[in-house]
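For reference, chains read A, B, C and D in written order, and residue numbers begin at 1 within each chain.
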Amino acid sequence: MTVTTIPKDQIVRWLRRTAQVLEENRDYLTQLDAAIGDADHGINMDRGFKRVLSQLPTVEDKDIGSVLKTTGMALLASVGGAGGPLYGTFFMRAGMAVGGKQELTAQDLVTLLQGAVDGVIQRGKAQPGDKTMVDALLPALEALREAVEAGDDIRTALEKAVAAAEKGMKDTIPMLAKKGRASYLGERSIGHQDPGATSSYLILKALLDTINETA
Amino acid sequence: MKKLINKPEDFVRESLEGMALAHSDLIKVNFSPTFVYRADAPVKGKVAVVSGGGSGHEPMHGGFVGKGMLDAACPGEVFTSPTPDQMFEAAKTVNSGAGVLFIVKNYTGDVMNFEMAAELAHAEGIPVQNILIDDDVAVKDSLYTAGRRGTGTTVLAEKICGAAAEAGYDLKQVADLCRRVNLNGRSMGMALTSCIVPAKGTPTFELGEDEMEIGIGIHGEPGRERMKIKSADEITEMLALAIIEDEAYTRTVREWDMEKGEWVEVELTDEPLKPGDQVIAMVNSMGGTPISELYVVYRKLHEICEKKGLKIVRNLIGAYITSLEMQGVSITLLRVDDEMLRFWDAPVHTPALRWGM
Amino acid sequence: MKKLINKPEDFVRESLEGMALAHSDLIKVNFSPTFVYRADAPVKGKVAVVSGGGSGHEPMHGGFVGKGMLDAACPGEVFTSPTPDQMFEAAKTVNSGAGVLFIVKNYTGDVMNFEMAAELAHAEGIPVQNILIDDDVAVKDSLYTAGRRGTGTTVLAEKICGAAAEAGYDLKQVADLCRRVNLNGRSMGMALTSCIVPAKGTPTFELGEDEMEIGIGIHGEPGRERMKIKSADEITEMLALAIIEDEAYTRTVREWDMEKGEWVEVELTDEPLKPGDQVIAMVNSMGGTPISELYVVYRKLHEICEKKGLKIVRNLIGAYITSLEMQGVSITLLRVDDEMLRFWDAPVHTPALRWGM
Amino acid sequence: MTVTTIPKDQIVRWLRRTAQVLEENRDYLTQLDAAIGDADHGINMDRGFKRVLSQLPTVEDKDIGSVLKTTGMALLASVGGAGGPLYGTFFMRAGMAVGGKQELTAQDLVTLLQGAVDGVIQRGKAQPGDKTMVDALLPALEALREAVEAGDDIRTALEKAVAAAEKGMKDTIPMLAKKGRASYLGERSIGHQDPGATSSYLILKALLDTINETA
């Protein structure tokens, strides 16, 4: 079945699923962060999305932009660390990019992710190859855009984007970190998968899974 | 997990509640959002000095709130930078109109969160300055990393800038002094054991029975090098020489331009220590190392400084900037001039640092 | 062995050398025999307050030498009582003519060595009094044991008696006050981990990953009971209730009769704590427990005291009487009257305790 | 070969042998002390007898009383803990008991040990059965006295004394400690051999071995 729009309730379900996925991957993400960071990424993201869950009821009946901006604010005020401002910015800028919509087209989705990823890059100043979440997000954005431009429906385009995110995530393994806490390790950061790239992949994959579930 | 805690998720809150009960003459603690502030804040006409960072480094920062030091501290979750709303609310609470200095340790998370807080404060009409502390010589270059981490110099900067604010310095003067303290302070640390983040429940890294980690950060991040444990004298020499022989270090930092209301990039370079310099020497426990061992380290540090022509004019030995229960030590040398020394000696009364009153 | 030391046999000396270098304004250290003493000793007309005991409990006792507290401290080897010659030489050095109070923790070794030192001092014409501290409620009876151990109350007694001596109390008055402090102070401790005596190189006892030891002494002696680790609140409750609900305790101690020049047996009984009492509460780290956890304990202790009608009028939270790097905590409650409180509040300036100057 | 006297040089050799034996048993004694005390007895005794060794040259040409008193003073100023005053008193009182002699008869040896053990009991106030060094020393003294009264030569009498000390030492295992640090353990002190009783046995055995070596 081709998917041409994402209605608001699916966005809300995406956020709930993300909360669940991050809870399930709390230890995994934390373990990744222990290797090259400070062992809190999973704990932080889990705490942050628990806060999101508690605030969703207050905006569920508003537009997609409001839902996403509230998500961003909740993350900003609860995640902390590097992940907080970055994912906070990600969702706030995603919300700002799509404004008062009740459903998203494929093109809207590109706009949303473009705004989100731009925000992360502006805030964190990471370049591709620095071994950060940008290494998962940017390839995903590119893949999504190309697929949508080529006429793919949302599900197919998202499948490609998630695959690109997964590849980008795995590609961080051989990278030498140049941003964030992992950068202090120099050569010793090589050989480990970046926790932020991993959470980015999981978040995008949660969107795909939400859509697949209902499609 | 061998800790005196209840549920891991309650640890930071309960610890702060205990601190508030113990030191109600000095501090108050606000929750949601969380910050510790001077019981008598805002202090009329005084620049407010505010810091913050992940919890787990106690007594820093909350233990340094009080007379002659910090006006507020924003504790995050363990090893996790606090959030902009905490900093913003703290700033609103302690600002007397003379503005707020945010003293920020250079970690990506802290920097980004404090930048967002500064933007919020500015929007609210609060004069604000962010000064970074990046003194950890274990991090060599700034081009290919997030730059040097903020460690021991933070404690000294908070004391000195707190005293300057108390003495009536205006915001620009306190910020300038803070920048100068940072450019004169250098630190390096090491760990004998890993700490355990309560929420994680297992050691952040595994060290063999005969291993240590040199150039460790204060969040249990792995350091630069793992090696067989050496004697206290050898370890002290490694840390002290890394500090003393460190070359000039240049970095570009973002500071807030109050007039323009925007971030500006500033290039800062510090000067290596040289014979004849006067220094404050801090020998700091990472949390689990007892003071008897710190004195063994200080003994050797004193000898090395003498040999290198550095004069230790003051010292601070104890657990001031820690990583939970980690065993290990960090050394900080801060080159001081008369102005800094005068503010160092000024009376201070906080839960963790007290003299002259 | 994860310690910042050089050779184990040099540890005590090197640590003292470091302390002397760090605090040369306050203290001096003599070697062979070893003792730490006030830089300005003897202080004219003042009773000298002297303590001592095995090393490994730092900052106690050496860290409490200075203005308003101890005149001298005699550190033994790690966890081993010092020897009579140390105490005797220390007494000779700090005695101004007004005599010397030996504050002695009740351990067989300490008691015997300080008794021999008192005999030596008396023979030399130095007025001397030995007052025992035996405040550890973990030891139940005195008939079938060496009696209660001296623990946390020692720190409070040294502060209060030091201030009284500074205020001009004569030897008998300071000794009486010290005895009274002891009879009003009670402590209990626990360990999450064992410490490692440097000369031995391995843990004194083995605790499982999920075990703790309740009623531990400060030398790494096994405690009364080993059990599964509980929450901070439960542990605090166990310790606090053992202290608060402790019955009257009677023991026979030996004190020095200055007139007769011989030991006399004195029977002493203390009174249980009761609602309405004012107390100083100490929450003490065994060395490796960070202050953040101590505040979690203090939070619960405060709640329990309130429930029991005890008013905490002062508190002391930190690492004051330790067992090397052991993780764990001890609680001390000292019932105070106005006289004790006045001396508690009096200015003190030592390496480890400082206020009012 | 019957041994009727112990000349001074054998006393000196005894002390040297004791130093060696305690060095060899440093960890063993410390381990015993770790079980029911504070893990320092072997370390303390080893340190103390090293000090004795360093001071022996200054008194070797004096009488037995001086040698023993100097030993006691050296232990008093170097062992610390409970062991210091107790063994310090042991040797000082031993020295005082035999005074300016250059050699000891069997009866002198009884007098020596009587003075030494009396001193330990006066200082420490331990009763037999309290699980202390007294439980090795007192049986040894009794056995020595009985044997000498029965006409045994020094070697035979000492053999019996050492056997009694060994038995006394082992008998401390089931005892519940009532003195010293082990007393805090209450019931938990049962089942462990007392470190002080063990060092007392080793010291007495070192005398027997010294005599056997030269006899």
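Keep in mind that, in the parts below, a residue touches a chain if its C-beta (ideal position, glycine included) is under 8 Å from a C-beta of that chain, and two chains touch if they have at least 3 such contacts.
From a predicted model like this one, the values you see are computed outputs, not experimental measurements.
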item	value
Far-end chain from chain C, centres as C-alpha averages	A
Chain A and chain D, separation of their C-alpha mean positions in angstrom	76
Gap in Å, rounded to a whole number, between the CA centres of chain C and chain A	56
Chain A and chain B, separation of their C-alpha mean positions in angstrom	32
Residues within chain B bordering two or more other chains	none
Chain-level touch network, classified as line, ring, star, complete or other	line
Residues of chain D that touch chain C when the two form their complex	30, 34, 36-40, 43-44, 47, 76-86, 123-124, 176, 178-181, 183-186, 188
Interface residues, chain B side, partner chain A - complex	33, 54, 76-85, 107-109, 112-113, 115-116, 138-140, 144-146, 149, 197, 199-200, 204-205, 217, 219-222, 224
Chain B - residues contacting chain C, complex	2-7, 11, 14-19, 21-22, 55-56, 58-59, 63, 192-193, 209, 212, 229, 231-233, 235, 287-299, 302, 315, 317, 319, 322, 324-325, 327-329, 352, 354-357
